[in-house]
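Just below sit the structures, each encoded as structure tokens.
Note that chain A is present in both complexes that follow, paired respectively with chain B and with chain C.
Then we have the complex of A and B:
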């Protein structure tokens, strides 16, 4: 029983990080209709910068803020300088740009920070004694911190989309960019803002995940995280914030349970198993569990 | 001075020009109608004016050169109701109207205008919380007009508002457009295939032929002109 609780806790914690990154993917998808394949590597880059700042003596919270701010600037900059010029010509070209960024950013990390593994300090208390007991399971400070961040951020992002003007404009551009422009929405500013926002969320996810990740801060840290996060976003239907959250948590918990209880599939096959589950779900519901089916009368 | 002055407007898709130098004007509070056969360049004219296409030539609204960014055109006082209505299908009806007020900051005035267009189109009030994609074609056309009017334009462009609508719905819509022009003083520039209906509304008519304005006159001139009548009115 205790073991089950421990596994659930660790699954929910990893799942929260997947959910954060999935949220970033959804924000871009809703604005631009594309999956940003560079999302994970963008987060890794900002995390490397945060780590570098801590080595210079910066407090962790300041490094976290820097990672978020850098994520915003890079996200918005990528939209303006790399995505927008090619999007006008061809939507597929955006995917190619994102893939190019994916490999390019990873190579840049290696060039700037070297290939050896780093230890990124956690922004939350994560010593051996920093836990609260929860029915026999230990709930550590960093897990709790990640949960709280996820809840707060989801609240903020949904407020942004539901209650603010700029959120309304982002939804309008996602729905139909041409109509939004004709209605007077400054579409280019709105798109850059969406990419910036998602870059910032990614920057936050990066500094939260690396202290928890088995690889710590290395060039491969984000590969598995990003795969899980994009699966989470797909699972939720790509355009649903709630779906991304549920997707992330489900994948995190599934992974933890498969690893814990099905030794034959644990370890090497863990992620494969989870992805098979996702494929099965998408076979039944191609728009994901929460995706909006586009209804339109003509 | 005219509200809208267009001189030598050229535009097209890719390398080929569809418009070969359009000249037309719309006075303040006037209803101008653009007639023309399929392929004459009516929709291209509207798109070029609204900033949806690269263009050359002079386009002035109230004496000031209009840029080619759609949102700036709206801010300058000219809104387009696009062909096909451009419904923001996943947004609610009310949200659609609020998007139409994107260039405005006056919360109180925006709320008043929402009420005004809900009064004009009561069906939109009934369905204000529904996804706009669920509205019927006629309701979506009303929404498109109301959304464009939310920016409080001096000049409203309508591209084929009757397309795909039942005749009875079209008549109601044109009556409403006429009333908006009469009551709010909003000038209209309407592209329409249904020439008979459009001439009832028009103060001035521009006849477009293969990318050029072939004739300009009053609705009466056009009704009397045998050649035009046969070609566009069918009687």
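Then we have the complex of A and C:
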């Protein structure tokens, strides 16, 4: 029983991180109708910068803030300079720009920060004694911290979308950019804001995940997280905030349980198993669990 | 937002589409046939000349041929049918590992494994294509991403067959050219050079004929507007799945040749997602939905790392790839070959014999060309097609 609880806790913790990055993907999708394939690498870059700041003696919280700010600037900048000009052409062009960013950013990290693994200090107390006992399972400080951040962030983002003028604008632009523009919504500013917001969430997710990740901070850290996060976003439905959260948590728990109880599929096959499950779900519900169906007009 | 919003139904026609101001060449006429034969002779002459090069250079060329075949496979699905695949590294790897495992573990003759690799990859492609029936656009790209991610994991998992992370070495003894060629084992690079060259030519012929057939028209219809294509009677599901299968089979052929070329396979070497990105880069650079784009793309993909490593070592090549990819989307979305075709069309236009513009030019040679998009009758010719 304790073992099950412990696996659930670790699954939920990983899942929260996936959910965070999935949230970033959903925010971009709701604004621009596209998946940002470079989301993970963007987060990795900002995390490397945060790590670099801590080596200069900056306190961790300041590095986290810097990562978030940099994520915002990069996200908005990418939308403005690289995505918007090609978006009118087609989906493939946007994907290829993102693939270019993906390769380029990763190589840039290698060039600037080197290929060796780094240890990013956690923003939460994560000593061996910093835990709360919960029915025999240990809840460590950094896991708890990630959960709290996720809950707060989800609250803030849904408030933004549902209760503020900017959120209303974002939903309008996602729904129909032309009508929104005609109704006086500053479409371009709203789009850049959406990408910036998602970059900032990514920056936060990156700093939170690296102390938990088995690879610590290395060039491949965010790739696995991104795969899981995009699977989570697809699973939940790309345009649903709640779906991203549910998707992330389900995938985290699924991973932990598969690794724990089905050794033949765990470890080496972890990603594959998860992805196969996602593809099966997509076959039944092509737009995810909570995604809205789209009308196609000819 | 409806899907129509991000899929414009009328793409701007390329300049000078109906009839360029330059010369008009009728398809199948003596002049057209003559030029085709001349082109073919030129290719053969170039190949013969290249076969006198040192083995190292020939090896590089073999690598180019192999990659060109792989990209030509990707072109069918991504260029002509418009389904972006970032999982083709898996088919490339499946082809390579089919050859490697059959030769090393079961003692097959290397060349006999090629059809097996093609068959396996065809079936794998059909399976990966299946989700495309229900899953569209970005969701589909992520399914192919899943395939690309899964492949190295599968190789590592079944390590008793594939050698796992340690890799699989095909000994040179097992790759000896057949006796009738008279090529010694040490010179097997020459044998592989010719095999890859001929395979590439065959693949290009296949792609050319396929894309000019009704099937090719159906593929482009699916790409340009799926619903409209379905309404016109195109069996969208069949077109997508079969294209995926064929595309995977061609890329698998490339993988099988690649296994013979490198002689050592490792899951993290050439079969990761980075390979897929390399293939996509090559396709975009050369020109999606053009016949020769994959060849030009392969040349660039093989030689660019050499060039960047001359300037600076290590990760710079990755940065160069990224920047190049983005720059291409902005500056030359039609690719090198696509751009060359546009330029060429100003000099000479190839049209079918029954092209309506011919009759008009014959009647009124001095008349102004009709504006774009109002041309009645069938589209002028399939190789003037542009990637979206």
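Here is the rule we go by: the second predicted complex is superposed on the first by the 292 of 298 C-alpha atoms of A that agree within 3 Å, B and C clash if a C-alpha of one lies under 4 Å from a C-alpha of the other, contacts with A are read in each partner's own complex, and residues count from 1 in each chain.
To be clear about the criterion, contacts are C-beta pairs under 8 Å (C-beta built on N, C-alpha and C of every residue); 3 or more make two chains touch, one makes a residue touch a chain.
What you see is a predicted model; the values in this text were computed from it and never measured.
Taking chain B and chain C in turn and counting the residues of chain A each one touches, the greater count comes from C. By the document's definition of touching, of the two partners only chain B reaches A:187; chain C does not. Applying the stated contact rule after C-alpha superposition, one finds that A:28 touches neither chain B nor chain C. Applying the stated contact rule after C-alpha superposition, one finds that A:171 touches chain B and leaves chain C untouched.
Touch criterion not met for A:246: it reaches neither chain B nor chain C. Counting contacts as defined above, chain A residues 174-176, 178, 294-298 meet chain B in one complex and chain C in the other. If you check the complex, the residues on chain A that touch chain C are 33-35, 82, 85-93, 95-97, 99-108, 110-111, 115, 174-178, 227, 230-231, 234, 238, 268-269, 271-272, 275-276, 278-279, 282-283, 286-287, 294-298.
Of all residues in chain B, only 50-52, 70-71, 74-75, 79-80, 82, 86-91, 95, 98-103, 131, 133-137, 140, 147-148, 150-151, 164 touch chain A in the complex they form. Those residues of chain A lying in contact with chain B across their complex are 165, 168-169, 171-172, 174-176, 178-187, 292, 294-298. Every residue of chain C that touches chain A in the complex is listed here, in rising order: 1-8, 78, 82, 84, 86, 131, 134-139, 141-143, 145-146, 149-150, 153-154, 156-157, 225, 227-228, 231, 274, 277, 280-281, 284, 314-319, 321-326, 328-330, 333, 388.
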